[in-house]
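Remarks on the structure that follows.
Letters A, B, C and D name the chains as they come in the text, with residue numbers starting at 1 for each one.
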Amino acid sequence: MANALPEPSHPAPAADTGTPGISSARLQAFSDAVIAIAATLLVLEIKLPEHEGVWAGLRHELPALASYAVSFLVIGIVWIHHHNLFHRVRQVDRALLLLNLGLLLTVSFLPVPTATLGSRLDGADATAAAVFYSLAVGLTSVWFLLFWHHLCRRPHLLVPGALAEARLARRHAVTGPVVYFAAAALALVTPVGSLGLNAALIGYLIVNRRSPTARTRPGAAAGAAPDRS
Amino acid sequence: MANALPEPSHPAPAADTGTPGISSARLQAFSDAVIAIAATLLVLEIKLPEHEGVWAGLRHELPALASYAVSFLVIGIVWIHHHNLFHRVRQVDRALLLLNLGLLLTVSFLPVPTATLGSRLDGADATAAAVFYSLAVGLTSVWFLLFWHHLCRRPHLLVPGALAEARLARRHAVTGPVVYFAAAALALVTPVGSLGLNAALIGYLIVNRRSPTARTRPGAAAGAAPDRS
Amino acid sequence: MANALPEPSHPAPAADTGTPGISSARLQAFSDAVIAIAATLLVLEIKLPEHEGVWAGLRHELPALASYAVSFLVIGIVWIHHHNLFHRVRQVDRALLLLNLGLLLTVSFLPVPTATLGSRLDGADATAAAVFYSLAVGLTSVWFLLFWHHLCRRPHLLVPGALAEARLARRHAVTGPVVYFAAAALALVTPVGSLGLNAALIGYLIVNRRSPTARTRPGAAAGAAPDRS
Amino acid sequence: MANALPEPSHPAPAADTGTPGISSARLQAFSDAVIAIAATLLVLEIKLPEHEGVWAGLRHELPALASYAVSFLVIGIVWIHHHNLFHRVRQVDRALLLLNLGLLLTVSFLPVPTATLGSRLDGADATAAAVFYSLAVGLTSVWFLLFWHHLCRRPHLLVPGALAEARLARRHAVTGPVVYFAAAALALVTPVGSLGLNAALIGYLIVNRRSPTARTRPGAAAGAAPDRS
C-alpha cells in the first residue's frame, strides 16, 4: 500500500513537509550552498600582479593556482561525501546538526590555508604553510568519521537498510584523515610533495571503485533504493 | 486514486502550491541562500599577513579566528531558527516579508562587525568593537521576537495547530536579545568576556533541550505534522 | 477537470521534468541565487578604517551604510518582483531568457554604483555618484517593463488566466523606472535627497497595496491558483 | 498500488528517486550554485579609483566593464548549456561527475582572466591578456564536447529518446571551442577584436535557432515531454 512506503526523503523529503525539525533535505540544501560558495570564493585569492606580464604573472602564481585547484577538488569531494551521507539519513538529530555545523565551519575556512599555501609554497615558509594546509584539509575529513560513527550507533536515523553501508562508509572514512595527516607530516620533508599527496588522494577517491566516492555507483546496486519502485 | 492525491509538491510545500504570492518555501530558499553566503563571506576578513610566519600569523589572527567562528555559529543558529519559524508558516503576509528583509539585512551585515572585532579585540579599541559586535549580533535575534509576536497575533498565517508552539517560541525568543545585549554591556568591562558570553549562548541554544533550537526535535513529537501519516 | 490541467509549474514544474528547454522553476532558482549573492556581496564594500575608532569609523562610513541598506532593499524588491513575474510564467521563451540575463547582469552590477555612492556621497563628486547610482538602480527596474510587455503580447507564455494581472503589472511596472530616473535628475540638485527618494520608493513598493509588490497578497484572491485544488 | 503513484518528487527527478548515488538533480543544483556565484563574483574586480571622478573612472574602467559583461554572458551560456545537458541525463556516472567538477573548476576560475583582461585591455600587455582570456573561456566550452561525446557512447545514461538530440548537441558543441580558440588566435592581431568575437559568439548562441542554446525552444516541440499531458 502506498502509505506503507518508507518514504526515503531524498532530497525534498517527506520529513520536510511533515515533520518539524530540520529535515535532511533542507540541511543538504543549506550545506550545498555553503560548500558551493566556499569552493567559488577560493578564486578570490588569485590575483596576477598588475606590474607583471600575463605569462610571467601566471608562472609566478603557479603555487596559488595549484593550491586553488587542489582545494577546489577537496571541496568537491566533501560535497560528494556529504551528499552520499545525507542521502542515507532519514532523520536529523542534534548531534548531526552540530557535526554538520562543524563541517561547514571547517570547509568555509579552507580559503585561508589555501591562500596561505598559495603565497608561500615557493618561499621560505613553505613547510609551515603546507603543514597548516594539510591539517586544515584533514579536519574537513574528520567530520565524516564522526558522522558515520554516530549513524552506526543510531541506526534509526538512517533510511531502512542502510546500516551495512554506513558501517562500510565508517571504515572507508578513515582514509581521508590518515592520508591528509600523513601529508601534513610529509610537508615537513617536502611541502610540494605534500600538496601532491593531497592531490593523489583526491584522484584515488574519485577513481577507485571501493572508496567512499566510488560507492556512488556500486551503491546503486547494493542500494537503499528499491523502496521507490 | 492517484489523481486524488494532494500533489505533494516538494520542495515547495503546501503554502506554495495553494497561495500565489511569495510562498513560504521560496522565501526560505532565498533566505537560506543569503544566510549561507553571509556565513561563508566571513572568512574573507581573515588574511595571514604575508610578511609573517604562518604560525605567528595565526597567533596574530587569533582574535579574527575567534570572531569568525562565533559569527559563523551565530549565523548557523539564525538559519536553524529561521527554518523552525517558516516551517510553521502557512502563508506569508507583507509584514513577514518585511521582517524577513530586515533579518536578512542584519545577517548580511555581520561580516562588518566581525571584521571590526577581529582586528581590534586585542587592541586599544576592543571595548567599542565588542559593544558594536554584540549589538549587531543582538539585532539579528530581535527579529525572531517580532516574527513570533506577529504570528501569535495572526494565527491564520500558521500551519494548523502550531499556535501553542508559536507562543512558546515567542517566549523563548526573548533569550537571544537579552543575552546578546547583556554581552554588549559586559563588553564595557571585558571585551573578550563578551565574546565568550556570545559563544556560551550559542552553546546553550544548540545543546539545551528547551531552547528554540532544541525544539527542533521535541517539536517532532508535539508537531504540526499529522498531515503526512 | 482539475487534474486535466497542465500543472502550471510552481516551482518544480511540469515543464522541468517533461519539457526540454529552460523551465520557469530552474530559471527562478538560478536567478534567486544570483540575486541573493548580489545582495550579500554589497557588504564587502564596507570596511571600517583600521586607524579610526569604531564609532568614528561608523560615522565616517554612514554614507556607505545608507547606500548599502538602500541597495539591499532594492535587490529585495527585485527578488519579490521577479518571483511574482515568473510565478505567472508557464513557458520560458528565448526573449524571456535574454531579458532575464539582462536583469541579472544589471543586478549583479549594483555593488559597483553602491560602493561608488558610499565612498562619495559626502564628497566633492557626490552629484555624479548619485546620478550613476540612480541610473544603475533604474536600469534594474526597466527589465520588468520589458518582461511584462513581452508577456502581454505572448499570453501563451503565461499561466492560464494571468493575462489581466500581467496587463496590470505592466502598468505598475512604469513606476520603478519613472521614480528611479527622477531620482537621477534630483541628484543634480541634492545627492542625499536622491538617495532618500530611492528609499521612499522602496517603502512605497513594500507598503502600498496596489503596487506590484503588494500584489503579492491580493493576487491570492484574484489568482492563478485554483488550478491546484 | 504503490507504482500507480504519480511519482511526485520534482525537482529531484526520476534519476534521483530511483538511483542512489549523485542524482542529476542534485548535481544540477550544486552546479547552478557554483555557476551563479562565479557570475556574481566577477563584479568584485571592478572598482572605480577613489581619486578619480565618477565618469572619468567609468571611462577608465571601460575595458573592465566590457570584460565583465562578456564573462557574465559566457557564464550565462554555460548555465543554459549545462541545464540542457543534465536535463537529458538520467543517471550520473563517475565520468560525468569528473567532467562536471572540471567544468565547475574552469568556470569558477573565470574571474581571474576577466580581471586580467579588464586591467590590461588598453595597456601594453593587451595581447597576452586577450589570449589568456579566450583560452580560459574556450576551456569552459571544451567540457561540453566531452560531456556529449561520453553520453553518445553511453546512451543508457540519457533519458529515453534523447540519443538523437545528444548526437546533434555533440556536433553543435564544436562551435564553442572553435570560435573561442579562434578568438585566442585573433587576439594576437587585435585584442579588442578578440573580445568582440567572443561577444559575437554569445549573441549567436543566444539568437540562432539551430545553436545548442536555441534548442531550448524547438526542443520543446520535438521533445521528451508528452508524459505530462
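Going forward, contacts are C-beta pairs under 8 Å (C-beta built on N, C-alpha and C of every residue); 3 or more make two chains touch, one makes a residue touch a chain.
On a predicted model such as this, the values are computed, not experimentally measured, just so you know.
Interface chain A/chain B: under half of the residue numbers present appear on both copies, so the contact uses mostly different residues.
In terms of the distance between Cα centroids, chain D is separated most widely from B. Matching the C-alpha atoms of chain B with those of chain C calls for a turn of 90 degrees, to the nearest 5. Mean C-alpha positions place chain A and chain D at a centre distance of 25 Å. For the pair chain A and chain C, the distance between C-alpha centroids works out to 35 Å.
Contact of a single residue of chain D with at least two other chains is seen at positions 5, 9-11, 29, 33, 37, 41, 44.
Of all the residues in chain B, the ones that touch chain A in their complex are 8, 10-11, 13-14, 28-29, 32-33, 35-37, 39-44, 46-48, 50, 53-55, 57-58, 68-69, 72-73, 76, 79-80, 83-84, 87-88, 165, 206-207, 214-217, 219-220, 222-225, 227-229. On the chain D side of its complex with chain A, the touching residues are 1-3, 5, 9-12, 16-23, 25-26, 29-30, 33-34, 37-38, 41, 44, 92-94, 97-98, 101, 104-105, 108-109, 111-112, 115-116, 119-120, 125, 128-129, 131-132.
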